[in-house]
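Structure provided below as structure tokens; questions to follow.
By letter and in written order, the chains are A, B, C, D and E; residue numbering begins at 1 in each of them.
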């Protein structure tokens, strides 16, 4: 699984500091209609968005129609996909499809919360460190580096193992609190470069306060970048959560895609050839996260003319 | 330069300190008593006998001391390389348990990391700016990195292992074999290693390929590339330079990704019942073996820290820019 | 297929001489210390170390093993006659000193059987092969249990060991009297090789068939199932969901019974209620709850018929003999929601606020939680069903899955509503069960028994009486047990749910003639679980045959 | 200084953009004599860099619409990337504006130069001595070859690039804004070095792009002024600075303050208005909008004609 | 009005801030109302740093900056700064980076209004904007509501000045306001500065272009490595440069009607020695300035790092 499984590349602004994305942020002000123009014509962005949207709609709209608990024993045991049970049934006769759509829900939720918290922390730390500089920067940087080198997944395993309440919220919180460092670093680098821009000084000359400068002057310039960061964190959170669920450290109640894989494996679905039990959840995760990543490339191309196909 | 490393070392030391402290703290402030858990499995029907044993083992593990003293003792023994005794695999020292598992984990991780890094970078560089490759391979790469490690493992185990029967899906080598340098043993070792390796490799490969593809595009647009092209340098040379320069950020990426890949290896090991740290951690979890869990955690953190430091050093050695800056040379 | 079928190559164990087992060892083998009976490597007791007797629950008989015989020579004295001609694997002779030494080890607090000395006064070697014990309190049932449960260690090697070495030493070079010798171990396996000089060859004309035993460290169920179907292992003592389908589909794979429940029973899973809390303190409520449980659904659902619903007495099938059927007839229970509802109504539990759930007679709402450790998937499924059943009759009972450690803590301190527990295993006497249900006094922490904190002096008196009853006195035992059953069935301090199976499935590809319910096969326990070799499982190894 | 070395005629280059083609160069024609240093000046966006790029390497968005470029009588296949390659470096070379970042940061300079030379079919050893001599000329020791770019100061890098770019004695060197980031004193040194290179025959002709006409005037033999994608005037530096014919040139020159001139004494005036967009350039004279002399005829395009010996201008009133 | 008194600035640089960089050393001069002071020097000589210190954007390491009696370094808190900016404003070198690219250019006005004139009504505010735009000779209709990228550098630069005018400022710090502009628009902005000066505003005009410095300024301050090399009335400094550094700068300026060689020849003869210590050269380059003629100060030609003075080796 992949704790902050942020692919080496799409982490913008990492490395020597002048990674991809720099231009995206700094060259931000494309004319609005131009952005839309490119967005609508970017196959990567569109394809990714469509997949995510379809899964999101499935997660939000389908469960009410199914009614009842996704864990209820509704059908014959261990049936392959059929007209009645689209994704087949589990060892106990639970409807895999029902579990899948419910699982999608918690997957999105974890992504949103975990990614959101991580983005929030990353932003605050990154902005403050980058804008304030000096000792504040040093200290924040130190903290960032510490959290960065701690293998998040392993920390989470330890934490989750001793945790009494293992709800999806707690899980998201923990994921959020461990996966922000790279985002903070990237945002800090961006902020550093933006903070030297004259318009920041001009805002100070206009009597603006520091927080207003950060959030009303600097942040809007990085909006596309921040959005992309959030997408990556979102995907990363989903993957971490799936990993935790898979080793049985997920929320014990309810369903999630990781938990489905966990159940499938612990009830010998592989040996019994019940592929319909373990393929959909993994596919769901891959589809969501993969589509997010691909959307991210698309966005990068939209915001950053240098990357466009020529 | 030394100051740079000194500072790096300081950060790592601090990280280690924090990690150790967190690690020490968590089990002690959470409910449950490791000794009770351990003895819960003892078929001691008699409560008195059990109570006597509990007292005995608690003092054996030093759990009856004041908290601050436990903390100091923890550091003390840690510095002596003593990670305590495993509760689950009593009375094996934790360090011994871990050392038994580490070769397997490293055997998976090191080749997976290195090969995926090398192959991914080569491939990414190859795909970049090739219209056809870029558009087909790129999404595949992204899907690969988006694949949960364990799921890829499950798919591989099921398809190539169970259905096709080509590869074994459990253990490190055939159960009939004894470690030796024989062909049978080595081939069995490799067969068992292959699928877990492959699933780690594939996921990481996707990430590196994409990372490289993105990096090299920037490098190909860099000023020095344009200059070379304007002077009519062949594309080969330009790409070679770009590749080398793009590789450097990828090296930092490697440091950043280590934790993730390690986590991936843990999950993969669980899927393939590979006798490495991953399975150890899972069992330590299931058996409430705090000491083993802590040990494994520390070991991994230490490993990641060391690897990070090595990458830092390598980075400085291969990138003249950083080196010069650190020597306070001209900017 | 894992090279499992290998052979030929250097360092390989010939497949047809090797028995592959799994299901006992949950981690790398870590010690071979028979004193640490919860953690020693598979086979440490049984393969290497041996006990004075074996007890075969299927036949309900004690089999003299290192001892030739043992009998109560007086009210408080017991004399053991040891077998002559037994040798430790280092060549030393096995003598009465070894037995005396082993029993005296119990004077160390950290030795699990230290409580033996609460009622044992003295142990002495009368001669080289006779040991005499003098008890302060003759607890026959417990002593009968002790003599087959605890392995004898060699005095000549252990005499100098400190308490730490005895209680927590790894004992890396196990020197025992048993049929196997330590060969090697690795992260994921434990290997034993046959002891050519095993005493039972000559003295009992017994012979263990496999030259090597390779015990494979447990991985997932899934892996075990895969290894089993591919004949990479011969016997798996794992709980393998779906094995029923494999057994029906693959004639080479068998279990003890060819049809449900497939497995022998190993222990009873109890629904433990906290009797210190309302409304669980009300026997009528407990009874109603018992009627609400749809055991059939649990058995067919999560267990796919791999287990059997427990008898209302909770006594394992091998104790059938002790079940007072008349009592069961009168006080037993079964899934019957209507009955449950009417019991509740009679007892004054009714739905006064119209939420569909009953309130206590005092009108307090009921909101109960039943817990099992998170990750114990079969139990998790089971309590989901129990909670559904309870809700159906109007009891607001919800399932929750705390972490195992938290659960243990709650269980011991009495901070829970309900939980499932299966502490006590199959053994020579139902006394262990009643000790489990009724033990007094209630401690601040109830570590192993009476988690529900049921207080009934009368019942406890009976249990103590039972403890002192000689094991040969069947009638006396039956009588006491019958009285205990009455208390249990009417008071219901805990509700027996189902019998957990002695999970065991074998592949007959390499070794055949495994124990089974069929006529012409041996009847021993087909398992490698710790503590089961003493229950006759070791004999299984003398009965299996290489496949043709 | 004899003979025509560069002959550009009717060169038209567009940038492809979403909104259509940007007519960055429109019908540009001029000639350069052998050994001539031509200064190219004009407002930002007038097409100076585009012209420079067209002559050596078009980027992927540029489209060669029409027109020819002949270097020493041989036509340059400027629209064809592959066919241009043999000419690059050997015949046409470039000193880019970004000299500071033009060197591969992770290669030692000497090695990079060797690799580049080898890839262009030149044995590094054969030019080694010359390389060292020229480095020496610009005040660098051979040591720099063993350094990484970051170890050199900006000025040193600039000099290395100058030497490297001219190492193969190209017929035409394009220097695009090479000094705009420099201090006046460094700027002077660099400019003078380029002249010296020409004098020593390291390069046969040079187009020196700058927006600072005073600087160009210091070193150029001829000056070409561009406006909105077209040359408006070309002549000897002398003639253009002292006797500008095109009103744009005239206004440009008169808006330059010189040391000594103060606001109090003489208030200078800029050129009102701004240049036309090139997406859809106006017909006729492109300067018409801002030109004080504009009259009816200006809605026809004025030809770029020789108004004096060696002095061309594109204005109906220039005659 | 504005007074700098032995102002210095030390930056901590290097990998870990261990090294110190004296960006400004002991600089002192004065800007009076209705006066333009040109701050001239090479890149890195500390011009912008001085500008930023005056604007309170950078802390002062040593010395004092006082504006109409208030100590700029002593400004504490947001409110005090705000009041200071009511009277002192700045315009920066790069007009494109002075605007937040994601917002319309007139947001700079909105900011001023939000912070300083929240009470002013919409119509009145608009009137004020239009008025100040007209002062900088911009057509309000052409620039209001446009995004920065839709406007030219000259327009943007003038918007910035208009913005400062909204505040009724007494001092304007103009940091290289023209270096990014085309020659044709440059002069317009310069003329505008001259007009403002005529209205009584004090201007600190930072530039590296000597010809431009001379065009509008009354006083010229030549900076070298953070220290003043020469200062005095603009015409004196330009016609009679005494410091070798000033001379070198002047001789390097490309002029339209003189070649470099001619310019070299025209410079008043240089005796090749230190203007303070003479040919022998004994000073250490510290910033003791000598007044050579009324208001015309010149510093030692030492290397500024404590080395003895000698004619600048780079000349």
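Just so it is clear, a contact is a pair of C-beta atoms (placed from the backbone, for glycine too) under 8 Å apart; a residue touches a chain by one contact, two chains touch by 3 or more.
Which chain is which protein? Per UniProt: A, B = Peptide/nickel transport system permease protein; D, E = Peptide/nickel transport system ATP-binding protein.
Here the structure is a predicted model, which is why all the values come from computation and not from measurement.
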item: Shared chain contacts [chain A and chain D, defined touch]; value: B, E
item: Distance in touch steps, counted as few as possible, from chain D out to chain E; value: 1
item: Of B-C and A-C, whichever chain pair has more C-beta contact pairs; value: B-C
item: From chain D, the most remote chain by mean C-alpha position; value: C
item: Where chain A and chain E are represented by their mean Cα positions, the distance between them in whole Å; value: 48
item: Computed distance of Cα centres, chain B from chain A, in Å; value: 21
item: CA centroid of chain C to CA centroid of chain E, Å; value: 90
item: Inter-chain centre distance, chain B versus chain D - centres from mean C-alpha coordinates, in Å; value: 55
item: Shared-contact residues (touching 2 or more other chains) in chain B; value: 30-31, 162, 169, 248, 270, 319, 321, 325
item: Multi-partner residues of chain E (at least 2 other chains); value: none
item: Residue numbers on chain B that touch chain A, as the complex places them; value: 11-12, 14-15, 18-19, 22-23, 26-27, 30-31, 120, 124, 131, 138-139, 141-143, 145-152, 154-155, 157-158, 162-163, 169, 203, 206-208, 210-215, 217-218, 221, 248-250, 252-264, 266-267, 270-271, 281-282, 285, 293-294, 297, 300-301, 304-305, 308, 319, 321
item: Contact footprint of chain A on chain E as seen in their complex; value: 52, 55, 57, 78, 81-82, 85, 89-90, 92-94, 97-103, 108, 111-112, 115-116, 147-149, 160
item: In the complex, chain A residues that touch chain B; value: 1-11, 14-16, 18-20, 44, 47, 142, 145-146, 148-155, 157-159, 161-164, 182, 235, 239, 242-243, 246-249, 258, 261, 264-265, 270-271, 273, 275, 278-279, 281-282, 285-286, 288-294, 297, 300, 306-307, 309
item: List of chain D residues in touch with chain E within their complex; value: 43-44, 183-185, 187-188, 191-192, 211-215, 217-218, 241-242, 251-253, 255-263, 267-271, 274
item: List of chain C residues in touch with chain A within their complex; value: 220-222, 225-226, 229, 240-242, 245-246, 297, 301-302, 304, 374-375, 377, 380-381, 384, 400-403, 405-406
